[in-house]
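One chain, chain A, appears in both complexes that follow, with chain B as partner in the first and chain C in the second.
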Partner chain A sequence: MNNPIVYDLMAARPEILVLTMAMVILLVDLFLSERHRYVGYVLSQLTLLGSAILTVATHTPGVAYVFNGMFVDDPMADVLKLMMSLATSVVLVYSRSYIATRGMYRGEFFALVLFALLGMMIMVSGSHFLTLYMGLELLSLSMYALVALDRDNPRATEAAMKYFVLGALASGMLLYGMSMIYGATGALELGQVRNALMSGQPDHAVLILGLVFVVAGLAFKIGAVPFQMWVPDVYHGSPTAVTLLIGSVPKFAAFAFFMRLLIQGLEPLGIDWQGMLIIMAVLSISIGNITAIAQTNIKRMLAYSTISHVGFLLFGFLAVGPNGYTSAMFYISAYVLMTLGAFGILLLLSRQGFEAEHLDDLKGLNQRSPWYAFIMLLLMFSMAGVPPTLGFYAKFTVLQAALQAGFVGLVIFAVLMAVIGAFYYLRVVKLMYFDEPIDQTPIKPQADVAFVLSVNGLLVLLIGLMPEWLMELCAYAIAQSIQ
Partner chain B sequence: MTYMQKIYLLIPLLPLLAAVVVGLFGRKLPRFTAHLFTITGVGASFALSVLVFQDVLAGHIYNGAVYTWLTSGHTSFEVGFLIDPLSAMMMVVVTFVSLMVHIYTIGYMHEDPGYSRFFSYISLFTFSMLMLVMSNNFMQLFFGWEAVGLVSYLLIGFWYTRPTAIYANLKAFLVNRVGDFGFLLGIGMVLFFFGSLDYQAVFSVAPQFADMNVEIVPGHSWSLLTVVCLLLFVGAMGKSAQVPLHVWLPDSMEGPTPISALIHAATMVTAGIFMVARMSPLYELSTTALSTVMVIGAITALFMGFLGIIQNDIKRVVAYSTLSQLGYMTVALGASAYSVAIFHLMTHAFFKALLFLAAGSVIMGMHHDQDIRNMGGLRKYMPITWLTSLIGSLALIGTPFLSGFYSKDSIIEAAQMSHIPGSGFAYFAVLAGVFVTAFYSFRMYFLVFHGKSRWMEAKDDHGHGHDDHDHDDAHHHGLGPHDKPHESPWVVTLPLIALAIPSLVIGYLAIEPMLFGHFFSNVIFVDAEAHPTMHELAHHFHGAAAMGLHAFTSLPFLLAASGVALSWFFYMKRPDIPAAIRQRFELVYRILDNKYGFDAFNEKFFAGGSRLIGSKLWQIGDVTIIDGLFVNGTARLIGRVSAIIRHLQSGLIYHYAFAMIIGVFVLLTFFMKK
Partner chain C sequence: MIFQDYVFYALAAILLVAGLRVITARNPVHAALFLVLAFFTAAGIWLLLEAEFLAITLVLVYVGAVMVLFLFVVMMLDINLDKLREGFWDYAPLAGFVGVVMALEMASIVGVRHFGVNVTGTPEPHPVNYSNTAELGRQLYTDYVLPFELASVVLLVAIVAAIALTMRRRKDSKYIDPAEQVKVKRADRIRMVSMPAEKEMPENGEGEQA
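Take a look at the complex of A and B:
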C-alpha cells in the first residue's frame, strides 16, 4: 500500500472492474453463438453485483483524494455508485426481454451500458474539471450509441442524431465555461478553484461568463428548461429500454455533477448560480407540468414529467446547505426509483412487434392484470406526490428545505404546479381502472421481472411510510462529503 | 401487564371483536352465529365486569395508560383506563343491560334481513360505551363519545329505506354536532390552560385556576372554570338530550326498539350525566356552572314530562319520560349531589330499559301497531309483559321501596337542600314532575293493559309510527278485529324478568353504600363548605327502610298517588273528560302537540338559515368563483397554454439549438449586468 500508484488504483476499484468487464464482454461476445447471448447478460449482472459489493466493501467514512487530486473517493460517491449499480441492474432486468425481441440482445448493448455506467462513476468521483468532463463525455457517447443501436429504426436514428448534435453543443458550452473559469482562477481542480474564488482576486465578469456556460451545460445534461428540448424527442425516439436507462441512472450522475461543480467548486459564486437555478427551476416545473397534459404518448409524457421533477430537484440546491443537498439527493433517489418502475411497466406491456407507448395502451390495465395496475397506481400516486407514497415525502423535504431558506413564494408556486401535474398522473390511473381495455393480450412476465417490478412498486409505498433510513443515508453521505 | 390489566383490556375488546367478525362476515355465516358470537362477547364482558367490580370493592383502583397513540411536544395522547367505583359500576350496568338487549333482540329482530348487521352494531356500541366510561383521559372520552354517537346514528337509521328514519338519524347527528362542538371546545380549553388531557393531572391543577378569568369577547371576562364547565356541559346537553338540544331523542324512536332501550334510554344518553359526575372536581369550582346545569335540568324534567301526556305512540311516551328523567339527573348534578345523579342513572337504566323492552313486546304482540289508542286490555293476553310493565311503571313514578323511589326522592330532597341560585325553581319543577310522571306513565299503562280491547273496534288510520321491518311490504300492520295479541317468546320475556328484579330491589340495596357510604368517596369530589347538599341529605337519612316508610306521609308520594288516581279516573272511568279538556284548552294542546315549537324553530331558523347560506355560498362561491373561475377557468387556461407550448417542440434540431443559445444569451445579459 505504500506505493502511491497502488494506493490511487485501490480507490478506483469499482471503476476498474466495470471497465475491465465491459471489454471482456465485448470480446466474449465475439465468440458467442445466438443461443448463448445470455452469457453477456449474466456477465453484466455479475459485474454490477461485483461493483456494488466492491463499493460497499471498500467504503470508508473519510474523504480521499487520489490521482493528484483528480479523483475523489468520499461517502457521497460511494452511496451514489451503489445506487447506480443497483439501478443499472434493475434496468437490465426490465430490458432483457424487450431487447431480445428487437435484435439488441448483444454484447454491444451490455458493453455500452457498462461504459455509460463507468462514465457516470467517473462523474460522481471527479474532483477536477477534466475528469468530470471525461466522465460526462464517456456517458454521453455511450448514450448516443445506445439510442441509435436499433439502427434500422428511423425514429431512433433521428433521436440519436438530435441528441448527438445538441449534446455536442452543450458539451462545447460546458467546456467553454470551464476554460473561462480556468482563465480567471488558474486552476482546474475543484478545491483550488474554490480557494481562488474565495480569495476574491479573479475577475468577476469573466467568472460570470464562465458560470453561465457551465450552468447551461449542466442544465442540458439534466434536462432543465430552456435546455430541455432534446428530452421529449429522445425519450420518445429511443427504444424503451434505452429510454429507461437515460431516464433513470444518469440522474444520479447529474446530481453528483451539480454537487461537484456548483457546490464543491463554485460555491463562492452561489449568489449568482442560485439566481440562474431559480429561473430554470420555475420554468422547468411549469413547462414540464403544463406540456405533459397535452401528451398522448406516455413516453413523452414521462419526459415532461422528468423535466418538472428536475425543477423540484433544483429547489433542493436553492436551499444552500446540507439540508438542501440531502433533500435533493433524497429526491433524486425517489425519482429514479419511480422512473424505473414506470418504464418497467411499459416494458412489461411491450412485446414482439408491439410498443406500449401510448396512453391508450394502458386502458383497462386493471382488468388485464390487477396487480400491475396497482403497482402502476402506486408509481403514479408517488410521482404526483400523494401521501403516503415516497414521492410525497420527496417533494415535501425539498420544499421544506426551500421554505427554510426563505423561498416562500417559489414554494407556493411549486405546490400549485404539482397540483396541475397531478392531473396527468391521475389520468393514467383513470385509464387503467375506469376504461375498457383495447388490447386483451395477457400479461405474463418472467419471474425475475415480476419479482423486481413488484418490489420496485412496493418500495415506493414502503419507503414513503418509513422514509427515515433513506433520509439518514442521504444525510450521512452529504454530511461526510461536503464541508 | 398484570392479570387485572389484561381483564380491563378484554372487557371492551371482546364486544369489539364480536362486532368486527359479525359485521364483516355475518352475511356469509349462518344466522345463529350472529347472536352466538355477540352474546358470547358481551356475556363474557359482563362476567369480567362483575369480577372487576368486586375487585374494586376490595379497594383496588387502577389508573394507567395501556397504549400511547402519539406524543406531540409535552402532550401525549393515550389510551388508558381509570377503573374506580364509578367506572366499575357503569361497566356492570352497561354490560348487563346490553346483554339483556342482545338476548331480547333474538326475538325482536328474528325476521329482519339486517339481523347480523344489527348485532354487529349493538356490540360495537357496547365497545364504544365501555371505552367511554373506562377512559382516564379526555381524548379517549371524546373517542367513546363520538363512537357511541356514530353507532346511535347508524341504528336510528337502521331501516335506511324509510325516509323518516333517515330524517331522524340525520337530525340526531346534526343536533349532536352542536353539543360535540361545545364539548370539543371545552376539551381544547382544558388542554390549553391545564396542559394535560389526563383526568388526574387536570383535576390536581384545576384549583389553581379557580380565580382565573378569560376574555372571550374583548371587554367581558368570565371565570375560566365556568367557561370550561359550561362548554363541557353543552356536550352533555347534546348527548343527554337537555333542553334545547333534546329535539333528537323523540325522533330517535325511529330505530328498532331494542336500541331505544339500550342506547336511547339506559346507557348512551346518560353519558352526559356520567361525564359531569366524572368532572365533579371541575364543576365544584364553579357555582355559576352548577346553577346553569340545575336550571336546564329542571326545565327538561318538567316541560318534557308535559309532552309525555299527549303522546299516543307507545315508544314516544317512554321517550319523553326518558327526557324528563334525564332532567332529574341533571338537577341532581347541579345540586352537587353527583352520587345521587349516578344512583338515579343506575336505577333508571334498569327500569327504563325494562319499560322500553316491554313496549317492544307490546308492539310485537300488536303486530307492529304502536298507537296506544288501538290497544287496551292486553293484560289477559300478555301476562308477563303486563306484570313487568307494571313493575317498571311503579318504579318510575317512585313507589316506596322500589328502586326509582330511592333515587328520585333523593334528587327531590337534594334540590330542596341546595342553596345555589335556581334551586327554588328546580325544587318546584322536580316536585311537580312527580305528578306529571305518574300521570302519563299510568295513562299509558291503563290504555295499554286495561279497559276495552279497542283494536276490535273499527280502526281509524294509523299511518305513522310503525316499528316495522322493511322487508315485506305485504305484511299488514296492526291487528284485525278478530285477531288476538300473543305473549312474546321466552327470549323476549326473559330479559324483561331479569330487568324487573333490579328495578324492584336495587334502590333499597344500593342507596346506603352509594349515597352515604364510602363507595364514591375517592371518586366524586364535593366541596362540602360551598355546596353542603350531600351533607344535609345524609343528616336526614336513617336507613333505606325508614326512608320507605316515611315516604307514605311525604308530599312526593301524595303527588304520585294523585297522578295515578287522576289518570285512572280520566282514562278508565270517564274517557270523555280528556277529550273535553282538549277542546276547552285548544291552545295549550296545540303548544304541547308542537313540542313548544322547538322543531319548527330549528327547522325554520337553523336548518332554513343553513340551507340559505349554503345555497348562496354554493351559487356564488362554488359555481361561479371556484368552479367557474378557478377550476374550469384554470383548466381551460392550462389546456390552452399546454396546446401552445406543445408547438414549440417542433422536432427541428435548429429550433432546439436556437432555444439553447437564446437561453444562454438571456442568462448572460441578466447576470452580467448585475
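Take a look at the complex of A and C:
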C-alpha cells in the first residue's frame, strides 16, 4: 500500500473487475457452442453481483481523489455504482429471452453492456474533464453498437445512425465548451476549475461561451428539450432490450455528470447556468407531456415520458443546495425503477416474431394476466405521480425543493403539466382493464423474470409508502460528497 | 512581423481554404484529398508551436493511414451525390442562420480581445535540448495514465463493435473442418438400411415375347 499506484488502483476496484470480466467474457464466448451461450449470461450476472459487492465492501464515508485528481471515490459515486450494477443486472434478466429469440444472445452483447457500465462508472467517478469525457465516450460507443446489434433490422440500423451522428455532434459541443473553460481557467480538474472561478480571474465572456456549449452537450446526452430529437427515434428503433438499457441505467450516469460538471466544477457560474436549466426544464416538461399524448407506439410514448421526467429532474438542480441535489438523486432512482418495470412488461409481452410496442398490444392485459396488469398499473400510476406510489413522492420532493428555492410559478406550471401527463399514463390503464384483448397468447414468463418483475413492481408501491430509507441514502451520499 | 508569422499566416490561409473545399467539393475524392491537405497544413502549424511529435504523428496516422483507407472506401462505394444533396435547399436557410449565429458568437469570443498575447502572455520557447516526445511519453504514463488506459478501452470497444456489426458467417459456406473430417467414423457416413429382398421383375418387352 506504500506504492501510490496501488493506492490509486484500490480505489477503482469495481471498475477493474468489470473491465477484466468484460474481456474474459469476450474470450470465453469464442469457445462456446450455441447450446452453451448461457455461460456468458451467467458470467455477466456474476460480474454485476461482484461489482455491487465490491462497491459496498470498499465503501468509506470519506472522499478520496486518486490518479492525480482525475478519479474520485466518494459516497455519491459508491451509491450510484451500486444502483447501476443492480439495475444492469435487472436489465439482463428482463432481456434474456428477448435477445435469445433475436440472435443477439452472444458474448458481444454482454461484453458491450459491461463496457457501457464501465463507462458509466467512470463518468460517476470522474473529477477531471478528460476522465468525464472518456467515460462518456465509452458509454456512447457501446450504446451505438448495441442499438445496431440487430443487424438485419433496418429500423435499428437507422436508429443507430441517428444516435451516432447526433451523439458525435453532442460530444463535439461538449468538448468545445470544455476547451473554452480550459482556455479561461487554465485547469481541467474540476476542483482547480472551481478554485479558478472563485478567484474571479478568468475572462467571464469566454466562460459563458464555454458554459453554453457544455450545457448544450449535456442536454443532448440527457435528452432535454430543445436537444431531444434523437430520443423518440432511438427508443423506437432500438431492439426493446437495448431501449430498456438506454432508458434506465445511463440516467444515473447523466445525473452524476450534471453533478460533477455543473455543481462541483462550475457552481460559481450557477447564476448563468440556472437560466438555461429553467428554459430546458419548462420546455422538457411541456413538450414531453403534450407530445406523448399523440403517440400510439408505447416505446415512443415512454420516450416522451422520459423527456418530461428529465424536466422534473432539472428542477432538482435549480434548487441549488444539498436539498435540491438529494431530491434530484431520489427522482432519478425512482425514474430508473419505474422505467425498468415498464420496459420489463413490454419485453414480457414480446416473443419470437412479435414485438409488443403498440398501445393496442396492452389491450385487455387484465384478462390475460391480472397480476402483470396490476404491476403495470402500479408503474403507470407511479409515472403519472399518483399517491401513494414512488413517483408521487419523487415529484413531490423535487417540487418541494424548487418551491423552497423560490420558483413558485415554475412549480405551479410543472404540476399543471403533470396533470396533463397523467392522461396518457391512465390511458394505458384503461386499455389494460376495460378493453378486449386483441392478442390471446398466454403469458408464461420464466421464473426469474416473474420474480424480479413482481419485486420491481411492488417496490414502486413499497418505497412509495416508506420512502425514508432511500431518501436517507441519497441525502447521505450528497452530504458526504458535495461540500 | 517575424518570419514565423508569415509562415503561420500562409499555412492558416491554406488550411482554411482546404477546410472549406472539403465541404464544398462536389467530388468526394477531391474532398478527401483536400482533407489531406488540411491535415498537412495543420501539422505545419503544430510544428510552429513546437509540438513536433504530434505534428509528425498527425501526418503519419491521419494522412498515412486513415486518409488512405478513407480514399479506398470512397472510391469503392458508388455514392450518388444528387441523392445526398436532396433536400439541401429546404434546410439551407435555417441551417445557414444557425451557422452564422454560432460563427458570430464564436468570432466575438475567440479573438485577440480574449485570447490575445497581452491577455495570455507570450509563450516561452523551449530550451534546445527539450524533447517533445519524451515529455509526452512521461505525461501519458504518469499523470494521465487513467485517461490513457481508458482510451485503449474505447479502442477495444470500437474493435468489438466493428467486428460484431460486420462479421457474418455465411449460410452457404462450403467450408469443411479438417478436424471433423479426421474424426469421422464409418457410422457417421454410411447408413445401413435393411430392406426386404426384391424379386427381379421380368421386363415388359421380354415378357411379351415369352
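By definition in this document, the second predicted complex is superposed on the first by the 483 of 483 C-alpha atoms of A that agree within 3 Å, B and C clash if a C-alpha of one lies under 4 Å from a C-alpha of the other, contacts with A are read in each partner's own complex, and residues count from 1 in each chain.
We adopt the following convention: a residue touches a chain if its C-beta (ideal position, glycine included) is under 8 Å from a C-beta of that chain, and two chains touch if they have at least 3 such contacts.
In this text the structure is predicted, and so the values were computed from the model without any measurement.
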First (chain B), second (chain C), both or neither touched by A:27: neither
Which superposed partner A:138 touches (first chain B, second chain C, both, neither): second
First (chain B), second (chain C), both or neither touched by A:209: both
First, second, both or neither for A:168, with chain B first and chain C second: neither
Chain B versus chain C as contact partner of A:412, first or second or both or neither: neither
Partner chain(s) touched by A:438 [first = chain B, second = chain C, both, neither]: neither
Partner chain in contact with A:220 - chain B first, chain C second, else both or neither: first
Touched partner set for A:118, first chain B, second chain C, both or neither: second
Chain B versus chain C as contact partner of A:198, first or second or both or neither: neither
Set intersection of chain A contacts, chain C complex versus chain B complex: 205, 209
In the complex, chain B residues that touch chain A: 638-639, 641-643, 645-646, 649, 651, 653, 655-657, 659-660, 662-664, 667-668, 670-672, 674
Of chain A, residues touching chain B in the complex: 161-162, 165-166, 169-170, 173, 205, 208-209, 211-213, 215-216, 219-220, 226-227, 229-230, 232-233, 272, 275-276, 279, 287, 290-291, 293-295, 420
Sites on chain C touched by chain A in the complex: 105-106, 108-109, 114-115, 119, 143-147, 150-151, 153-154, 156-158, 160-161, 163-165, 168
Contact set on chain A toward chain C in their complex: 8, 19, 23, 26, 67-68, 70-71, 106, 108, 111-112, 115, 118, 122, 128, 130-131, 134-135, 137-138, 141-142, 144-145, 148-149, 151, 180, 183, 203, 205-206, 209
